[in-house]
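Notes follow once the structure below has been shown.
Chain nomenclature is as follows: A, B and C, assigned in order of appearance, with residue numbering initiated at 1 for each chain independently.
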Amino acid sequence: MKQLRIDNITKQFGGLTAVKDFSLELNNGEIIALIGPNGAGKTTAFNMVTGVYRPTKGKIYFKDTDITGLRPDQITRLGIARTFQNIRLFKDLSVLDNVLIANHLHIKSNFIEATFRLPRYWKEDRQMREKSLSLIEKVGLIDLRNEKASSLPYGMQRRLEIARALATNPEVLLLDEPAAGMNPKETENLTEFIKQIRDEYNLSIFMIEHHMEVVMGISERIYVLDYGVIIAEGSPYEIQNNPRVIEAYLGVSEDA
Amino acid sequence: MKKRNIILTLVAVLLALLFLWFAKENFDAYKVRILNLCAIYTILGLSMNLINGFTGQFALGHAGFMAIGAYTTALLTMPVAVKQQNFFLAPIVEPLKDLTVPFFPALLLGGIFAAVVGFLIGAPALRLKGDYLAIATLGFSEIIRIVITNAQRVTNGALGLKGIPNTTNLWWSYGTAVVTAVFIILLINSSYGRAFKAIREDEIAAESMGISLFKHKVMAFTIGAFFAGVGGGLLGNLLGTIDPLMFRFFLTFNILLIIVLGGMGSITGTIISAFIVTIGLEWLRFLDQSINLGFVVIPGISGLRMVVFSVLLMIVVLFFRHGIMGTNEFSWDKLINRLNKRPLVKGGTK
Amino acid sequence: MALKLFLQDILDVMTPEMFLQHLTNGISLGSLYALVAIGYTMVYGILRLINFAHGDIFMMATYFTFYSIVMFSIPWYVTFILVIIMTGALGMVVEASAYRPLRDAPRISILISAIGASFLLENLAIVIFGGRPKAFPAPELFTKVFMVGSVSVQRLTIIIPVVAVVLLFALLYLINNTKSGMAMRAVSKDHETARLMGVDIDRTISLTFGIGSMLAAVGGMMWGLKFPQIAPLMGVIPGLKCFIAAVVGGIGNIKGAVIGGFILGIGEIMLVALLPSLTGYRDAFAFILLIMILLFKPTGIMGEKITEKV
């Protein structure tokens, strides 16, 4: 059984086709990467998987469940979490609150129980606090837990976003350019970190990334998207030596 | 919480109670009425802030919910004979005619009825965002008013209701205000409250964290409508007279002014500002009335008071966008630190 | 069966002449709505903002007309031009004081500022002009009644739609064929890009407010001629209704605003004519229409869909 199966999805905005007949499979425990030049439609593909956009055509399955057209919160509830290319933290809230919010989907108490702090809520609240603190510790932000999210430096905000995504208890994690804006040292740490969380939380990871060190370092398979169409798929070695990929990236024209 | 802060809070509460008791015994009716209005506007401000400030949904339907609460409570508490006097154009409908219940259940029913209508309005309207939501809720509020104006046999139409028992006193209004404040503080600091704030900060991120936007927006809106209805009920039984014209957009504007001035997303800011705005509106009444200085009479200009208030709102929005408190809350530590002119310890209390 | 009886009832009260009478009334009211709705739609198109004060600018125009004719005895044809200029200037002043300082502020602040500006204008009108309604000076030239068959028609009923159509074409020409119009279209698509292309954003927005307010001035004067009683709060309900007309037609789209205006005007008149028992709910019609449109076709009749970028 595949963790995620994307079956020929297409997205059109008016006359513009952003993604065309995109198919992809993600096996249990795998790390795969989607690469491609800017504007190739990578984030659009992500947005379809997470329910932000509805595909014009095609189906998306999460462990054999058809999730096409579900709302983002329903998809997250099933077990797919994501981060955002342009970091979407709850800026004015604390680091701890950011992670606590991602626990809310599992809450069983209703708002009356929560408001009056009845026993069930009391217990749930304690559990979500413990879990959130341990996640924050894992991403190395424990001393900053009461700071406003927007006050963190860029790299830490990226890590906080990952911690927040993990708090939803996902089985599949979608990372949209996790290394964007990081220096080489941070990038190296991140690569290790992604492997580590994959093993620890038993995740399957699907990421978009430009940093080739990250992509080549940890992905088991790579998909290359250009002008909304998959032009190549394979192991890092195969992709590195694929002429079509080189052409797409270096913009080698037909007269070359 | 430090022991000192607990003691300070208890002392403050005790002083407030003493003041209320003193006011009830010694203040004239006019001042007592203003004090009551302060508490009622606190309730209304808090409930609107829950929707607009904490959940970030710019809704302008408060006057409608207040009208529902006010009419429900009034009709349920008016004595049968008074109802008959009121409804001289067309007789009142049957079950309401002989129905009289005590104030508390009537107030509660007013809130519940407002909440039910709030739910029915919120469910479709909250699919909209920003100014579309503002105009749709404003429209719904107008529709409520138009329905009340036309439902002659239920609401007495444009004539309004007179002789509503003046049950609202300082204990009722401040008691309800405290209950409202405590409820909303507990709510916004719970997991649900965090979800509301997440929606305010970033809807797309909140939805991606598994928070159902629809469910939580409707929840905040319905709870807000409930307290608006309760506030309306208290208002009607304070004034003794209500009519549909009272519940025009202008009333929503007053409450909006309170939460903007106090800070969208601050409980203590709303409370402080409810007092400032209510007392300020009364105090500025002299602008509308003529002043007799003995040798010369300065004619009052009717409407000038509201000009001052409109200008005030604009100044706040243009130059002090975060109001008195922004999204911060009052705390003893901050106050004492400020009094001692010491810099604030980073990381808050320990 | 019930429906058939209902239709029979309508046919009983409605003769073809009466129907024509109501239709002309509806068209003339719809033209007024359209003139004011264009102002909403233009400002929304360029700033993505409801100009809450637009209805009050409309009200101000009627007072300008009143004072010009009654107090200063300026002939009506000079007055009309003066009022259009003054109202346009007022719109620009409102923009410069209530909107421009908040250009980079959160939308909610701009919205509150807009509501504040609206209340300020209303209350200023109460203070300066007095709260009591005044009689609008309507020259006989416009109000004369003539008969078409058995249908009695006020000259105004014909003049209003004609003026509205002429102004609509003038505006469309301005937007599609002049440099300023091109700047407006550019700003409405993307502020940043327009700025980079050398468009003066502030000037263009100011111009948009000016033109929208001038159309509101024409609408206000026509309104005064048709319903010759003016009051400080007279702009509130027509203002809301015209915004609704703009939304129904597809906000940001000028032709849509005109279509929306006609739908609303004709719909309102017909509702009251066909179902007199609902007269009290006349003002609710617009809001119900708004809510229906927002729920089932939020982009309106002519509007384009905007997808939020993630």
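What we mean here is this: a residue touches a chain if its C-beta (ideal position, glycine included) is under 8 Å from a C-beta of that chain, and two chains touch if they have at least 3 such contacts.
These numbers come from a predicted model, not from an experiment.
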item	value
Middle chain, criterion being Cα centroid separation	B
Per Cα centroids, the chain farthest from chain B	A
Length of the line joining the C-alpha centres of chain A and chain C, rounded to whole Å	48
Centroid spacing, where centroids are CA-atom means, of chain A and chain B in whole angstrom	42
Chain centre separation in whole Å, for chain C relative to chain B (CA means)	32
Where chain B touches two or more other chains, by residue	204
Where chain C touches two or more other chains at once, by residue number	310
For chain A, residues contacting two or more additional chains	52, 84
Sites on chain B touched by chain A in the complex	183, 186-187, 190-192, 194-195, 197-198, 201-202, 204-213, 219, 223, 327, 347-348
Complex contacts: residues of chain B adjacent to chain C	52, 56, 58, 124-125, 127-128, 130-132, 134-136, 138-140, 142-143, 146-147, 149-150, 204, 249-250, 253, 256, 260, 264, 301-304, 306-307, 309-311, 313-314, 317-318, 321
Contact set on chain A toward chain B in their complex	50, 52, 71-73, 76-77, 81-82, 84, 88-93, 97, 100-105, 107, 109, 111, 114-117, 121, 124-125, 128, 146, 164, 167-168
Residue numbers on chain C that touch chain B, as the complex places them	49-50, 98, 101-102, 105-109, 111-113, 115-117, 119-120, 122-124, 126-127, 131, 232, 236, 240, 243-244, 247, 280-281, 283-284, 286-288, 290-291, 294-295, 298, 308, 310
